[in-house]
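After this come two complexes, each holding chain A, first together with chain B and then together with chain C.
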Partner chain A sequence: MLHSILAQIPWKSPSVDYHAIAPEIILAGGICLIILVDLFTSETKKWITASLTGFVMLGALVPVLTLAVSDINVRSLFDGRYVVDEFALTLKALFLIAGYVVVLLSQNHVEEGDYYQGEYYTLLLASVAGMVMMASSRDLVSIFVSLEMLSIPGYMLAAWRKRDRKSNEAGIKYYLLGVFASAIMLYGMSLLYGVTNSTLLSDIGRELTVKGQFGGVQALAITFTLVGFAFKVSAVPFHSWAPDTYEGAPLPVTAFLSVASKAAGFVALVTLIYVGFPQAQDVWQPFLWVLAAITMTVGNLLALRQTNIVRMLAYSSISQGGFILMPLAVAGTGDAAGPALQSVVVYLIVYAAMNLGMFAVVIAASRTTRSGEISSFGGLFSYAPGLGVLMTIFLASLAGIPPLGGWIAKFTAFRAVLEAGGNWGYALAIIGAVNSVIAFGYYGSIMREIWMRPAPNGETSAVKTPSSLIAAMVITTTATIVFGVLPGAVLRFGDLADLTGAFGR
Partner chain B sequence: MLTTQFLLLGAVLFCIGVYGVLARKNAVMVLMSIELILNSVNINLLAFSVRHGSVDGNTFALYVIAIAAAEVGVGLAMVLLIYRNRRTIALDDLSEMKG
Partner chain C sequence: MDVLRESNWVLSVGTFLPLVGVIVMLFIPKADEQLHKLVALVTALATLGVGFFTLTQFDFDQAGKLQFFAETEWIKVISSNYTIGLDGMSLPLYFLSMVVTVLVMVYSWNHIPSPGNAKAFLILMLILQTGMAGTFVAQDLILFFVFFELVLLPMYFMIGVWGGEDRQYASLKFFLYTMFGSALMLVGFIALFYQARGVLPEGVEPSFSIPQLAEYGGLIGRSAQIWIFGGMFIGFAVKVPMFPFHTWLPDAHTQAPTQGSVILAAILLKLGTYGFVRIAIPILPEAAKEWAPWIGLLAVIGIIYGALGCLAQTDMKRLIAFSSVAHMGFVMLGISTLTPMGFNAAIFGMVAHGLITGMLFFVAGSVKDRYHTLEIARLGGMLKQMPRLGWILGFCAMASLGLPGLAGFWGEFPAILSAYSPAAGLSEVTFRVYMVIAALGTVLAAAYLLWLFQRIAFGEPKPEFAGESHDDHGHGEHSHDDHGSDIHDVNIFEWIAWTPFLLAIVVFGVYPQLMFKIIDPAVQVALKAFGG
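The block that comes next holds the complex of A and B.
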């Protein structure tokens, strides 16, 4: 049977554009290199692996830049299954820079905790490689493979502190829910293949109309597939892993999961919606509308009552995820597709900068406070003015106060929703507006703690911040402020003409 | 070919798997239930592949098998880790963090 099918297919080896996949090749080479270097370095020199990982991330950024300035705008490999376009390049750059910042955050944390450095950075690189692949994937198989490639190292990183019960618990919760979600997503994908006879997203986009004989199965397939990614972006009601995993995992890993892993989920969601299901908006629009509305609201309300700063940031990142979902929920209405895509890309870039910055400050401050309780940050400004000011900047940006990056991100999201208009659009905009006000509650409570309260137990010795953390803070602060003051700098990454011309359509 | 029967088998396996994940409290049983779902996916893919007369489904199933193996490897390692630290793998006991 199989033999006869195979015999009908004329086989020729595909021509590979090596320039287009150079970032992936560099990352793959870097993974092997770091495993080897780790084998041959003594215990005292393991810091080399950290520096090398940083160089590999930046090295992979070089071909991304050369691809961005090259004349060919869309490079399509393997019959359109792997596409390198402006959208993919923007997000590849985002993942690589976020990965680099996470390396900077990890350096001292991992070194002082004696946490198997070589393996840690290998897994981090593997996960980033999966994300970089995800940005280009335009086929069910490659989306699935890159999703697992970015998730499986994530599960291991979350459980990194082997003897710590909390870290174990963080890992297993993330793992079980993650695998369950990806299994449901796979079932949806198998149905998608069944109703369209193709795994290529652009073919699926042509076939999938959610009408006629198989309309019900198609709707089921779309919903199941989206559930897998709703989990990845920790949208309510698939968010229950997020707070526990974020609290239990080592802090740099938490930063990585809450920024890069979430962005990868959104990238897949966007590709699926725009390339895979453009004619099926009747199914995914209501689904995403409900997800966006309850994600914003539940995330915010639960964040209000947290006393641990990492848990609070977990709920805050859930609610920020709701804001990123908001424009997608109306992306199928009228002309809203362009602005919605732009706002998702812009929000992801800005969110990466401000959230990584927030985690950098928390990591730096908790080196002295040794606690994640919000009350332990009391009086931070009086003994570490630099950290206090930076934390205020990031909190203000997360809350969406102009002229910081978070403001422009929220602005584009609301603009996209209002441009779509209609009762659904306006209702969502109102829910979003109410939620941005609620968010001031918990961001403000931390600010009050930093500026107005005295330091608990009189601990006022100056904080020593290692240079790698300072570098991370400089990168993220610059990005947060520049994107806010010069919105053009970030808006052009989400330029509609570039992006909607993308996807090989 | 009786592909409809295979699809029904896939659907039944999927339901059993989802029930297992939701109802079982033992981590290894949950892992096995997830395997059931993944295998229902494979059956689905192969049935559709036969019905359409294309190899895409077969290749997809190969990827699913390979990656499921990697996933379960990590999962069992994690279960072992928890067993070493706590002497139990009941998921209900994992409640260090709440809120």
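The block that comes next holds the complex of A and C.
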């Protein structure tokens, strides 16, 4: 009977390029594998799941590399709803490497905290799989599915410390606001579909406006869709969940949320703007301009007042998000589309390296300090000079001081807005410049603790850092320094040509 | 740009050699302080050796051209190259930075400030050296920016960790001020790049190269020039520091350890003035003409304000710091005239101020070592207790107030003179008024420096420090025996560190042509846009 029904529908199975979706397949296989392994290992051997997860992440990186060197530059699946191009591959690699570093960060933390290891790594993998899919999604439906796929494990991971009230608060807040944002976004998407009769982004890009003319419905649809992602990237005024969630969640999860999850939000924003709404810059440019300006300013000003290092990093990550938004706010002006895309990609890569590194050091140091208060890091340099210097490197990079990675990220952002020029471009550049100075106020205050203050309660025993954390630090430090000294290494990514269909190309 | 010589590796080696020392030191355990000092000193000496080699290879007949010019691809995507070169304007400062680092290393041999940790201190100093030398050889705006910023963090830690009581406040203030300036400067640089791209003739690749921008920058529209100059002005003026942006300087100088103060005074302040003569003015001539009267105004305000500030100080180091504001005012006045004479005077003044004020900070550091205070009211009779240190202070004070025959004179006098006839297009009346005010400033300089010398060196030592050398005064109520044993005259490390400074002050004072003939050709090139 089923056959007879199917026969009536003129449907034939699409040809699938399995090479193109090999990373996703490996991740999906890995998820199943971890669940099974978890079932059949004893409590004392649960660490196997962590190592396996790491291998799965690296294993998924292999097809990403083979795809990158293969002759076919663009592999378009399912009528262009799922596209594997250079842009997608760059970000897939970023997500997988960031995921791998997060596994390294988690290993000891999860093991010593006696959390549910198997489940933890399953969810982590699921979330990374969602991000990897997000990089290729070029359709409202696949974007939404990817978004939920990466978010829902995140909600659970945030509440992982089950007996800790703050962690529960973190999970609930993140969940409620995340779902709320999804709802708004879905409403926007349904309007988009209603107006254009398609869920395919490139169709929407063609149909949404003709010669830049559009009515209220279109404007509302665009704004609502963007608002959903503004939540995801914790742009002010949609940021209120971030500090509480970051503070309550386990530190490796915080690192994951503030880097990978945020990056996924930006990837979606970029594809929406570049492929979906290229003609509608009159709507999203002013919207993103305001968002960028207040995000970096408010994030910075609030960060100045924090005494807890994780909350401070949360606000710092909000403010860094403002800098990533900055070039997008002018992406539709003149020739700025190229530099803006490059700036976003470069910023995401550099930011991932330095922020993950920062969290690695905080996790390592807080094994001794047992506290998140900034003052508890006093005198770190005197009893753990290695950690002190590394933390200084990451802080300086976050502050954008050459010759560390952060400066090239900020530089590309400034370059994009100045390429666009005009009063709006220059104004945003100056706001950004002033903000990068304010930012040093709080980054510098941590440096001051590390270098210039005595250790609280005289704790000066050397810090023992587990090897997985050392590995994470080596990866992130190398990246941070290399990107800063030889920016060519990172500036090759994010060409406008890499993103298929950007601005109607 | 023609490559004059094959030996264009010397600049890269001279700039990055200190980092080799840093890497070596990273692998030496912290406890082995003597070895750290040795490695750091050897590295600095080797760097200075490269510096001497550079001097011998420099073609002094073509000092106006960029020599040892090297250009390698660096960040292709943003059209920024690793472009370095040296001409007569940068050579004195480049070399000075190397000399100062060596001498500061020598001084550090037995003067590592508390809380110790020679390893970190010396590593920071070597990184600082790379940043300073790099800034003077960079011929690409982005490269310049990177080096310009590279000096920030080491200095921040030097003040913040090894400084005086208010060190944390002072270091943060120093950092935030400078960073504010350089952030706007960077925006200015990028805007300049895009504006210049619009005016380049066919076939010329847009780039951040300073020689290229100096050639075509004048074609940029007038109002755009004025705005871009504004961004750069804030960046450089904070660093100089000019009058309304100067407030970080007294704090930073007062709190910094002696070595930090010396480097700050001798080299770091010059990064700002150097930026004006190398980048802002040659590239944006129209804007420079527009801004010049205002720069001149701020410069003379700085001269008078700095001098009055000096008269009000009770702390010797703070007084010297304020005198820097005044001296840099003379330098900026020379620059603001946009004349070859003014520029020559300014660059000479930079070097002279580096030597003299650096030396004064050394003396202040030694006074602090001996008396554990720099409060002028508590000091006195130095000539009786430590005649050699006292006379060195006297000598530096004379040099600083611009006594003819010593180096300070050739920075100040021509700067004042150049204001008599500023470049074409600038108001003569305005600049002549500035000239008169600046001349009055020299009188004030004499007043505060001689008064300082008088209070510290003349008379009898104060009872609390009279110590064992003057038993007839007896031990006062505040007398501490440990003071007496600290008070000794100039020691061998100080002699080694100071003699080159003192000699240079005399040599350049007696024969200023030695430096002017190197500077002048480069200045003529820089001021091409103003009709020479």
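Assume the second predicted complex is superposed on the first by the 479 of 505 C-alpha atoms of A that agree within 3 Å, B and C clash if a C-alpha of one lies under 4 Å from a C-alpha of the other, contacts with A are read in each partner's own complex, and residues count from 1 in each chain.
By our rule, a contact is a pair of C-beta atoms (placed from the backbone, for glycine too) under 8 Å apart; a residue touches a chain by one contact, two chains touch by 3 or more.
A quick note: this is a predicted structure, and the numbers were derived from the prediction, not measured.
K.L.:
Please work out whether A:A433 is in contact with chain B alone, chain C alone, both, or neither, and reply first, second, both or neither.
P.N.:
second
K.L.:
If we overlay the two complexes on their shared chain A, which of chain B and chain C does A:W407 touch? Say first, second, both or neither.
P.N.:
second
K.L.:
So, does A:N168 touch the first partner chain B, the second partner chain C, both, or neither?
P.N.:
first
K.L.:
So in the superposed three-chain picture, is A:G322 touching just chain B, just chain C, both, or none of them (first/second/both/neither)?
P.N.:
Touch partners of A:G322: none, neither chain B nor chain C.
K.L.:
Who wins on chain A residues touched, chain B or chain C?
P.N.:
B
K.L.:
Using the superposition on chain A described above, determine whether A:R448 touches chain B (first), chain C (second), both, or neither.
P.N.:
A:R448: touches chain C, not chain B.
K.L.:
Of the two partner chains, chain B (first) and chain C (second), which one does A:I184 touch, if any: first, second, both, or neither?
P.N.:
first
K.L.:
With both complexes superposed on chain A, which partner does A:G30 reach: first (chain B), second (chain C), both or neither?
P.N.:
Neither partner.
K.L.:
Is A:P243 touching anything from chain B or chain C once the two structures are fitted on A? First, second, both or neither.
P.N.:
In the superposed model, A:P243 contacts chain B only, not chain C.
K.L.:
Using the superposition described at the top, list the residues of chain A that contact chain B and also contact chain C.
P.N.:
Of chain A, no residue contacts chain B in one complex and chain C in the other.
K.L.:
Enumerate the contact residues on chain A facing chain B in the complex.
P.N.:
Going through chain A, the ones touching chain B are 1-2, 5-6, 9, 140-141, 144-145, 148, 152, 155-156, 159, 162-163, 165-166, 168-173, 175-176, 179-180, 183-184, 186-187, 189-191, 193-194, 197-199, 243-244, 247-248, 302, 305-306, 308, 311.
K.L.:
Can you list the residues on chain A that touch chain C in the complex?
P.N.:
Contacts found on chain A: 342, 381, 385, 392, 396, 401-403, 407-408, 411-412, 414-415, 418-419, 421, 426, 429-430, 433-434, 436-437, 440-441, 444-445, 447-448, 451-452, 486-488, 491-492.
K.L.:
Would you tell me which residues of chain C are touching chain A in their complex?
P.N.:
Residue positions touching the partner: 30, 74-78, 120, 142, 145-146, 149-150, 152-153, 156-157, 160-161, 167-168, 171-172, 175-176, 179-180, 183-184, 186-187, 190-191, 194.
K.L.:
Can you list the residues on chain B that touch chain A in the complex?
P.N.:
Against chain A, chain B makes touches at 7, 10, 14, 17-18, 21, 27, 30-31, 34, 37-38, 40-41, 44-45, 47-48, 50-60, 63-64, 67, 70-71, 74-75, 78-79, 81-82, 85-86, 91, 94, 96-97, 99.
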